[in-house]
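Listed below are the structures to be examined.
Two complexes come next, and they have one chain in common, subunit A, joined by subunit B in the first and subunit C in the second.
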Partner chain A sequence: MEAEVPAASLKTFYRALQCLGSIGEDIWIEARTDHLELIGKNASQSAYARIVFPAEFFDAYDSGESDNAVFRCRVQAKQLVGIFRSRTQAVEQCVLSIEQAAEPVHINSSATQGECRLVVRLAYKQRVCRTHRLFYEACETFHSTYDRRDCKGRWRVAAAHAASWVAHFARGSEEMTLQMTSSVVRVRSWTAGNVAQPDATRALHTELSVDPADFDMYHVPHPVELALALREFRAVLRYAERMAAPLSAFFDRPGWPLLLEVAAPPNPDARDHRQAPPTAEFVLATVADETTPAPSSNNATPASRAPTQILAVPDSIEPGSAPSPDASPYAHSRSSFAQWSPDNRSDSLLATPASARRANTATADSIAGSLPNSLGGPASQPVPESRVPTARAYRLLDMPRPYAPPGLTDTQLSDEHAAADELRNAPPGMVQTTLPFPTTAAQRPQGDMPVANADYSSDEELDATPPPPSKRMRALF
Partner chain B sequence: MRLRAEVTNSNLLLRIVQSIDKLTKSAILKLTPDKLHIIVITDMDSGLQLWSDIVVEALFEDYQIESNFNNEIYLEFNIDNLQRALRSTQGGGALGVTMKLVKKLGGLPVLSLIIRSQSATGREITLCQDVPVRLLSAEQMDAIREPLVPEGQIHIMMPPLNNVRSIAERMKGMGDRVAVSANRNGEMNVRVANDLVDITTYFRGLETMSYDTTTQETSTDGGGGTGRLSSETFTAVVDMKNFLKFLQSHHVAPKNVMCCISEHHALIIYVYIGSAGYTGAAAMHDSSCGSLTYFIPVRQI
Partner chain C sequence: MTAVQGTLEPEHILFRAKLANVRPLVNMLKTISFRPRARCSINSDGLVFTVEEAQCLVAQVFFRSELFTTFSYDEQLAKHLNNQEQVGFETNDSQDDEASDMTQIVLPLDNLIECLTLFYGPSGTSSGNSQSGSHTTSSLLNAGNPGDLRGATTAVIGFNGLGADFELMLEERGTISMCRLATFMPEPPVDLKFSHVPITQQLIIRSEWLRDAFNELDPTSEAVSISIARTEPHFRISTIGDSGSTDMTYSNSERILDSFFCNEDQENQYKLSLILKSKQALAMSDKTKIRINQRGFLSFQFMVPTAADMSFVNFIYAPLISADEPAAADAAAARA
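Moving on to the complex of A and B:
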């Protein structure tokens, strides 16, 4: 795959990456013959984003595959976003390409040639050239199964307008509700926390009433109220604002996700690259209502297009899994949320992590391998579920957790578990590998430089775990 | 218990809340039929305390207040929340702001700010910011009293707060305490010292108040007498942090700031929120629309 981003559109490309980076940790890249897709989803699988760059957007685009084959891979968002973050004014040429190893890579070879890398080469004036080689992982991508044509309600509004509603919310707000009737749109902020106490420590509650005439297009046949997470909505709004494009929303009823689209209409007068601006679509999960028969996760089957399954996942939850644990974190559901129901918490689109835990399935594998394969492990989690107070915290905190929290070195892990167990249960990032070259402690003759040795003496213990990046750098240079 | 008012000067209220922004998490709002008091106590014993009052006419119109305790209402609120809510009142297009004390669902009291404004397309948008508050009873309010400080030895008008603030910002890294001293000649020094550095800023030509107190005698027996010589300097050593917190009051753009040094006890600073300009002795009389009074205890070593 090779794509050359025009220097003038670097900002646009960066904004798209930034948006995906603020939604999730990874960016999936899918290169088809006529367009390049960037896909992202958030950790709790309740938000999905897809930004499509048509081939005309690029100065040169070659997907490198035959007509029907598609190249798919996943990179870390932080790294990709960081490359484009700054100093893009002086860039003359930017080329993204995939380098694949010509031959299998041997662990002991220290050559950097021939590795599978996503290469970003930025050529500046004065013949300065910056090349970034990112590790990518070839994997499956996923798409939303929702179609905006199925949605009964829709509206379109200028992005700045929508952003002004949310600007009034306090910083700690976690969720918002959009109550749409034919005469008024009410936007409210909600925060998790103990709202039952008449205390000054509660958070600011904001409520905003907007006239539907402010919208470019507004079609809401029957009143509907949607509750969704504010963080992802803000990320979408930011993207729409930066692209100066109107935001379109398609929705049906509570429990069904909210589909958002940001697409700048092509400007025929502008230069070539502007005629093919990227189109972005987002799917945000909403909270299911008590009254609407929102399918909960235990009814999901591969065949039925259950609204709670945003991702076209081949495997699904076993029907026998319980919807939520007995000690439900929502046993004390907030008094302010009349419509929030603990058991119908189907806004996390797949199985709620708790039930996924019980089901002990390999669902994690199908979600592009992003969740650690440690569903069996957390049964012995010391974290009591009743501690978790809020929806968002629930989704994030109760995610299938690796046995060892990240950061623990293997010396601290309990001895009963075999190394293989640790390997399987390790969180992403805590990789149990041996370095391909001997560590400096082994290299350096003993007794030399006692002061400096103090730093590296723990290398032996940390041999199984790579030392923190700063130490690793010292070992290499 | 009822409270309802039209906030006409939301900008002033916002600036007052901005002055208290970083002091601590929560503050107390005491509303009486003619004044609004904001009380911030950072730390009962050694922290800075702020007692302020503003006449309601400077902020509100159509002010209605009713309660069982002498028509006074006492609220505890989170400063950040109120600041966020007031910030929404700014910006172009705000048509009107109404403040009400209401009980939201669940019986929780909130101070509700209803802001009517105009959107970009000209239509009306109603924004409602609910600041959660806690109602205090009269007994609880009685327990909170202004600190008792002995009479200050010297009252001096401080130089413009912006100058003092920029200087203090530079000094803050040098030490954790600052010595504020002044004398009757209109000189004020702000000094900070540590092992390596000693920095003093001298302000001259400031105005002082002279009291006709009984302790003031012209000294005829030279130094050592009990008389207040005009060159005697009075010093208060306070925490640098508290000093900086007080300097945040520049947000209200005060017309006069009077500093009263009570040696070995406290630094009391009266920040007069501007109304018509006036200087000099008239500042002693409370003819401005309000004042913020900072009690900064002297640092006990």
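Moving on to the complex of A and C:
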């Protein structure tokens, strides 16, 4: 793979690397024939970022592979970002290439013999040259399966405006909620609930209301409230602000991830390379509502087991056996978590703000229909008390599932493609291993919400159980 | 240390100098302030402060007598005192007459800097002493700038012979402070004998390029390798660290390397942590002269502008020799 970044676009390239570096520790590079992708995800796998540089962005781009094969590797974000951080004004030429078993580079007696390196070569004027050879690791990349076309709500706003929402949030804020109705957007900061300080009344919270008229485009068919982690959202906003590009958001309901896109429209007046600006998409997990039906694999029929096989990692699941949800090592821990019922603290990380309000109101006042914020159908129903302690599907831990599990190459994937029709019918956010979830009406009569359900079988496909974000949860696992 | 108290009377004074503004002196001392004690050598040409570390780094600051407003050094008295002392010392080799009129004492360097910066105010460091290596200009030493009130401390320095205190009288805007620093007996100096062996490579490079290079050096690496060759690339600095290797190459163009001289191609390695100690001196300098001798010893000579003239800060490094090199035995023998 060889790519030459034009000197004038080095800043752009650096911004993209910086954004990925602030989300996760590693940057995955995927070089395809017509574009270069940089992918990142955070440690708890609740945020995913993908920035695509079309081939026209570069002065010279050669993915070095045949049409079918794709080059994938992973490098440490800190090193890559550090290279581009300094003094890029005087750079005349910047070339990224992959060196594989090249001629040995001798540094005295310690020769770096032909190891695989990602070589970043910056040539300054006056024939001064700086070369960095970074270790990389060839590995599989992953992609988000969520499609923005399936999202019902969307808006687009200028980046500077969006940045001003979170600019004043206090330092300790870890979460934020976006409450979007047709008339107003409320942005609020939250701090994680602390076991030691259940009230957390001393933390500073900020809430502000935004007029939908400030948005370039605003389409929210039914009110929705999303709770998501502030850190990754801030990283996305920072990137959008630096790229001076509008931020588009696509969302559906709590629990479903929030899709964000930052793509500067190509400027026809500028020079050639600016006509191919990078497009960035981000997927941020949101906290699920208790009343939101969690995708349940307890209802898995034999027909749905077939997709499970296909998408499972070939070496960990034998063909022909569909892993039942209970076989997952995490099923037990999840179920114990389900029975645990902490107090209803309104600022608890485990309770969405809406549910907390609802729970509090429900205990104090049986008329839940008088809630000021309308969250759509489910919320206007009185919440049965038994539901509150059990239904704690914490969707923030859901990670964007790869379309293909690691280990499958592209050729394998195309064979299985035909058999995976059921995937198409699944609604967005649903992992392919489960049925299309029943409608909310159908599920309501169901007594207790099975919490130990969220596709544990597919947990094995991906790296590891994501660590729980709050300290309280860590105690359970 | 005896209890002989020196006074500031002109006739008996070994050394007395007046400095209109301590800022240049302070800035230069701060570049070598990574060790607590410095050896101060005084003779009629000026002052030389020397620090050494780990027996393989020697750093020197040369402060010429012309930079002082008044400078009086009594050579006869110095020779007399040195002859008296030599009875108890083992005589070194190369004992010329020129060396015997030099007064050598060891001063606590960080205390000296603290005293000199007494009037700098609550912020501590002067505005001119910047910690960042890159993008600093060397117009920090504005010794003669009348508009610069901060650090406009006048100092009178005096020393009256081995055993006496090193005396400072500082004055700023009417406030006078007298400081006395305890001096220590000098130990035999660590002499890396840089000039004893012919110099095979020399180049003068603009400091800003070297600053960028130092900022890029991978701090996880233990050694930095400097190689100068007669072929392209002429000058290369590289490190190998945890995440891969980094190297910077410079070609022989006039804009970068002011002068270039190379007798033989050599590549030597030096301990990175020691090389980075010269970052502060590099930040203050305009140009750097890099010299490497036949045995691989490296000398950085930083040209620092002071008061319309140049002062020098000199860093000498001993190379790292890996055990399996055949030249290791020779070099070790030669050094001993």
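Here is the rule we use: the second predicted complex is superposed on the first by the 276 of 477 C-alpha atoms of A that agree within 3 Å, B and C clash if a C-alpha of one lies under 4 Å from a C-alpha of the other, contacts with A are read in each partner's own complex, and residues count from 1 in each chain.
As a working rule, a residue touches a chain if its C-beta (ideal position, glycine included) is under 8 Å from a C-beta of that chain, and two chains touch if they have at least 3 such contacts.
What you see is a predicted model, and the numbers here were worked out from it, not measured in a lab.
Novice: Classify the contacts of A:Arg15 with the two partner chains as first (subunit B alone), second (subunit C alone), both, or neither.
Specialist: A:Arg15 contacts neither subunit B nor subunit C.
Novice: Where does A:Glu207 make contact in the superposed view: on subunit B (first), on subunit C (second), on both, or on neither?
Specialist: A:Glu207: touches subunit B, not subunit C.
Novice: A:Arg133 in the overlay: touching subunit B, subunit C, both, or neither? Say first, second, both or neither.
Specialist: After superposition on chain A, A:Arg133 lies in contact with subunit C alone.
Novice: Based on the superposed arrangement, let me know which partner A:Gln76 touches: subunit B (first), subunit C (second), both, or neither?
Specialist: The answer is second: A:Gln76 touches subunit C but not subunit B.
Novice: Contact-wise, after the overlay, does A:Arg117 reach subunit B, subunit C, both or neither (first, second, both, neither)?
Specialist: second
Novice: Determine, under the contact definition given at the top, whether A:Ser86 touches first (subunit B), second (subunit C), both, or neither.
Specialist: The answer is second: A:Ser86 touches subunit C but not subunit B.
Novice: Do any residues of subunit A touch both subunit B and subunit C, and if so, which are they?
Specialist: none
Novice: Within the complex, which stretch of subunit A touches subunit C?
Specialist: Result: residues 76, 79, 86-87, 105, 107-110, 112, 117-118, 126-135 of subunit A touch subunit C.
Novice: Quick check: in the complex, which residue numbers of subunit B touch subunit A?
Specialist: 25-26, 75-78, 80-81, 84-85, 88, 104-110, 119-121, 123-135
Novice: Looking at the complex, which residues from subunit C come into contact with subunit A?
Specialist: 134, 209, 212, 215-216, 225, 233, 238, 240, 243-251, 253, 255-256, 267, 269, 322, 324-325
Novice: Spell out the part of subunit A that touches subunit B in their complex, as residue ranges.
Specialist: 158, 160-161, 164, 168, 170-171, 195-196, 198-211, 213-214, 335-336
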